[in-house]
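The data blocks that follow each hold one structure.
You will see two complexes here that share chain A, one where it goes with chain B and one where it goes with chain C.
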Partner chain A sequence: MSANPEIHSSVSLRSCEKCPLHNAANLRRLGVNTVGFDHVVALLGNPNTGKSTVFNALTGLRQHVGNWTGKTVARAEGAFHHRGRTFKLVDLPGAYSLFSSSHHEEIARDFVLFGQPDVTVVVVDATRLERNLVLVLQALEITDRVVVALNLMDEARRHAIEIDVRALSRRLGIPVVPMAARQGEGIPDLLRAIEEIVSGAFVPHPRQVNHQSESLERALSDLVPQIEAEFPHLPNARWVALRLLDGDHSIIQAIREGTLGNVDQMERRAMPSLNRPGLIEET
Partner chain B sequence: MSPGEAILSRAATLRSEFGAELSDHVAESFFTEASAITRDTVQREGERGRMTLDRTIDRVLTSRALGFPVMFLMLWGVFWITIAGANYPSSLLAWLTMDVIHSWLHTAADAILLPAWLSGFLLDGVYLAMAWVLSVMLPPMAIFFPLFTLLEDLGYLPRVAFNLDRLFKWSGAHGKQVLSMMMGYGCNAAGIVSTRIIDSPRERLIAILTNNFSICNGRWPTLILIGTIFLGASAPAGMATLIASASVVFTCILGIIFTLLVSAILSRTWLRGQASTFSLELPPYRPPRILQTLWTSLIDRTLIVLWRALVMAAPAGAVIWLTSNIEIGDTSIAGHLVNLLGPLGWLMGLNGVILLAYVVAIPANEIIIPTILMLTLTLSITDPSLTGMASAGVMVEFEEGTIQRVLSLGGWTMLTAINLMLFCLLHNPCSTTILTIWKETRSLRWTAVATLMPLALGGIVCTATATIARLMGWV
Partner chain C sequence: MSAMTLDQLPQGKVAVVQSLTIQGELRRRLMDLGFVPGAQVEVEMRNPLGDPRAFRVMGSVVALRREQAAGITIALSEESR
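Coming up: the complex of A and B.
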């Protein structure tokens, strides 16, 4: 959880969360006004885990939220102001994996990797933790600055699923915030966790997955320096190398075109072009 | 060789050394780690309760035998509630805006000595068109949208998608097309954008081309009103609302049939190719927060759609008033246009007024009914039974009986009503949707196909029903 111990010891602060005055004092929702922000926060998560609900709660926007998979197809942006800092919040399309080649999953991946958000909030369905954790672990391969929003805790409670949040946080090495975003539960804690990461009050020590393969490590040590030399501004050359070893076509194409790292250009390319000649013949 | 190519060829060499096991190994290690962490941190006390309840409900809602009947009944129920509930508030609103406020505004205009042509233009053209849209559209929308949103929040729509998936597979389209179709029931432009969830360009195009067969916000009110005053009114008393809602449901299902047929034809001719597989997740049923749903669907859908309709109705009202009052020869411009479109309208079992209304309403389907009524009134003004109710381009009274009387004077029959409902389903998309199709496809050709294909279908279907009805001597 959060590094600040007083949140958990203080009962009175817990009840403050419910009070609109408390929230209003600290959180200023700025809607779509995203100019002049200090930090960028990305919302990542499996489909239908409540990313858009969290997005709306923080920005005050009313992006339509649906109880189905694939409601958000492009990234939506909004902003909020919290304790002296202005944040731009980017709601990404739902993704099961960052290794996939589906177009909206690529939009999510490219943004986390190349958009270099200051914090990536992975919204996780507490009732389906195991499958959702795959995405968290993949995100940790790309960036350390991850907060897990353990959402739908109300549903988990109803299903009698108990999660040891502290142990989970310890295992992952990053903050884990239990939430029920639909009811507004946990939003202040999430804000605090985001703030602690951008201010450096909490330094994540994520546990990266050990791939336990010597030959893989050798291949990586071969490729990574080459990639770093060619793309010096790349945030995570190791991950790009991993994707190249996997034969990821969009990354290969981005290297070939020299657009690697440019989110907007990559995104434009990720949209399938429908007037391409030869479309009809394509099978 | 460029440095980029050097990296790629090095990566390719390494890749061939390791073979496929490398990527499997990497992918697998994430899953292993995830399940290890889950094992250590999650305790399930027998996962009782809702999970199994969800499954039981799903077994009914998505079963082969009950899936479709339940869907049909739910849809029918939604429209029954809408039509039964909208009746009284609609007439109340109409009385208020068209009777009370309209005559009050006229008194005020006379008091400040506004010239008659200006008060006619503003109050009888612009204001009345907006008042019409408000009374015809607000009550049904304020009931229908929250009901639909509640079903959506509950998690029922993915079950509908699940049921329809088999049919879509048969038609050679992508199963996710059901979801973009569902979005289309709100707004076709939004439905077109949501086809982005379909990865294959071929299947995405099919979804775009057929999205117009999902009846949108702007068209529901037309169907509901015509269904009520013609089909409902012809039914025995007590059955009226049931029959009216059934006619709307039938039109909606007809739209699904057209979606499937056109998809099947496209995927076997122009857009041939393999159907891709996908996994559809059935989300847990979530108890909707009713008050918030009512509030957001009122703000996000009802008021936004209504606002759009009002903004479109103002210039349309102005155009109707002007064309009805400016005369060339001894007939108004509207009269000339209606006469010009008359023969085509007759062939399609409609009339010139309806076709002209559909031209005026290209920017927004919402204003079809008000436009038809105002034009019909203008052109049958000589009839003595309407004296006191109307002057050129003006409609001042609203009651279901009145509307039907006005339309009957305009030569309407049951055939006209049924064909208007069919044409409402099958005609060109509104200008916003056309623009969205162009933005998404960047292709003039596909935009043209998406625009003209439904229009042509509408022409064919309406002409066919009209010809059959006339040959059988029904009209």
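Coming up: the complex of A and C.
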């Protein structure tokens, strides 16, 4: 581990930057010290895909990992330093969908939508790719800045599942990083993908679901300006309008109470018994 | 082709989801879990009491009650007819 990452970057050997060993050597795990970060990275994913394992690998924390669903109930936060940048990493509760139907999913959705992370890493289970891609496409409706962490590749290999990673990345228009986080495999590549998005070296051109319909567009053009007038700092009023038309109760309630867009207030409402996020023990 | 709903799917047969007649939040949920038109489903486990039953869809196992499964229209796929 280098104490002075600037020396590395001033040398700037291109072949060096692409080498996984070089990238791993530049990871400095900062534990729970999330003060003074440059960028925010969110970890989103279906339950039981290894989000917390990725979180621990990057932060050096011991966020409780276990092979059961619903283990991470609130956001956990940690930090890491990589090649001159400090990142706050937010581990979100497992979600099948961003059209929330549970409190945990509501917390995940509110953070991706209103927390405005610089990068959203969607951790997907390589052995259940089809179902996991639902969440990827939903995330892409909210933000372009998505990286897919194709985790559990070791299990996929064991089941003789082959995935054309490059084709997947091309079709989605975003980086796809094959990983086996339990073994530390793919962590350096994930770091590089995150870096490329925050630095602008990779500009995502995501595939988005096409909702095109005339009556829907009419309803949206009526609704979106009203939402924008009421909540001027909202990052994605169009998405909120779509959810309203869908009859999403949590969004309707947040608008009634005026808490829409305020992640902390919305979270407190979703989980009344919870005082603070970050139920983690330090190593 | 006779219309059939998922609650009528016999064990050992494979079917393809045609449409969802169920409405509201549960419709959204079932789609999130993989019950979308075109998805293959089969019975994974039978409850001795008959309800709920577990279905395999998109690589995962999902348990549904009879009235929930009745909101999903299916067609038996060719090979299992």
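Here is the rule we go by: the second predicted complex is superposed on the first by the 246 of 283 C-alpha atoms of A that agree within 3 Å, B and C clash if a C-alpha of one lies under 4 Å from a C-alpha of the other, contacts with A are read in each partner's own complex, and residues count from 1 in each chain.
In the analysis below, a residue touches a chain if its C-beta (ideal position, glycine included) is under 8 Å from a C-beta of that chain, and two chains touch if they have at least 3 such contacts.
These numbers were taken from a predicted model, which means no experiment stands behind them.
Contacts of A:205 after superposition on the shared chain: neither chain B nor chain C is touched. In the superposition on chain A, A:83 makes contact with neither chain B nor chain C.
Contacts of A:131 after superposition on the shared chain: both chain B and chain C are touched. Touching more residues of chain A than its counterpart among chain B and chain C is B. Of the two partner chains placed by superposition, only chain B is touched by A:256; chain C is not. In the superposition on the C-alpha atoms of chain A, the part of chain A touched by chain B in one complex and by chain C in the other spans residues 99, 127, 129-131, 134, 246-247. Residue ranges on chain B touching chain A, taken from their complex, read 3-8, 10-11, 14-15, 17-18, 22-23, 25-27, 29-31, 33-35, 37-38, 40-51, 152-155, 157-158, 161, 176, 179, 193-194, 196-197, 199-202, 204-205, 208, 270-274, 280-281, 283-284, 286, 289, 296, 299-300, 440-443, 445-446. Chain A contributes residues 47-48, 62, 64, 66-70, 73-74, 99, 102-104, 127, 129-131, 133-134, 136-138, 155, 158-164, 167-168, 171-172, 182, 209-213, 215-216, 219, 222-223, 226-227, 229-230, 241-242, 244-247, 252, 255-256, 258, 271-276, 279-280, 282-283 to its touches with chain B in the complex. The touching residues of chain C, when paired with chain A in their complex, are 24-25, 28-29, 32-34, 57-60. The touching residues of chain A, counted against chain C in their complex, run 96-97, 99, 101, 127-131, 134, 246-247.
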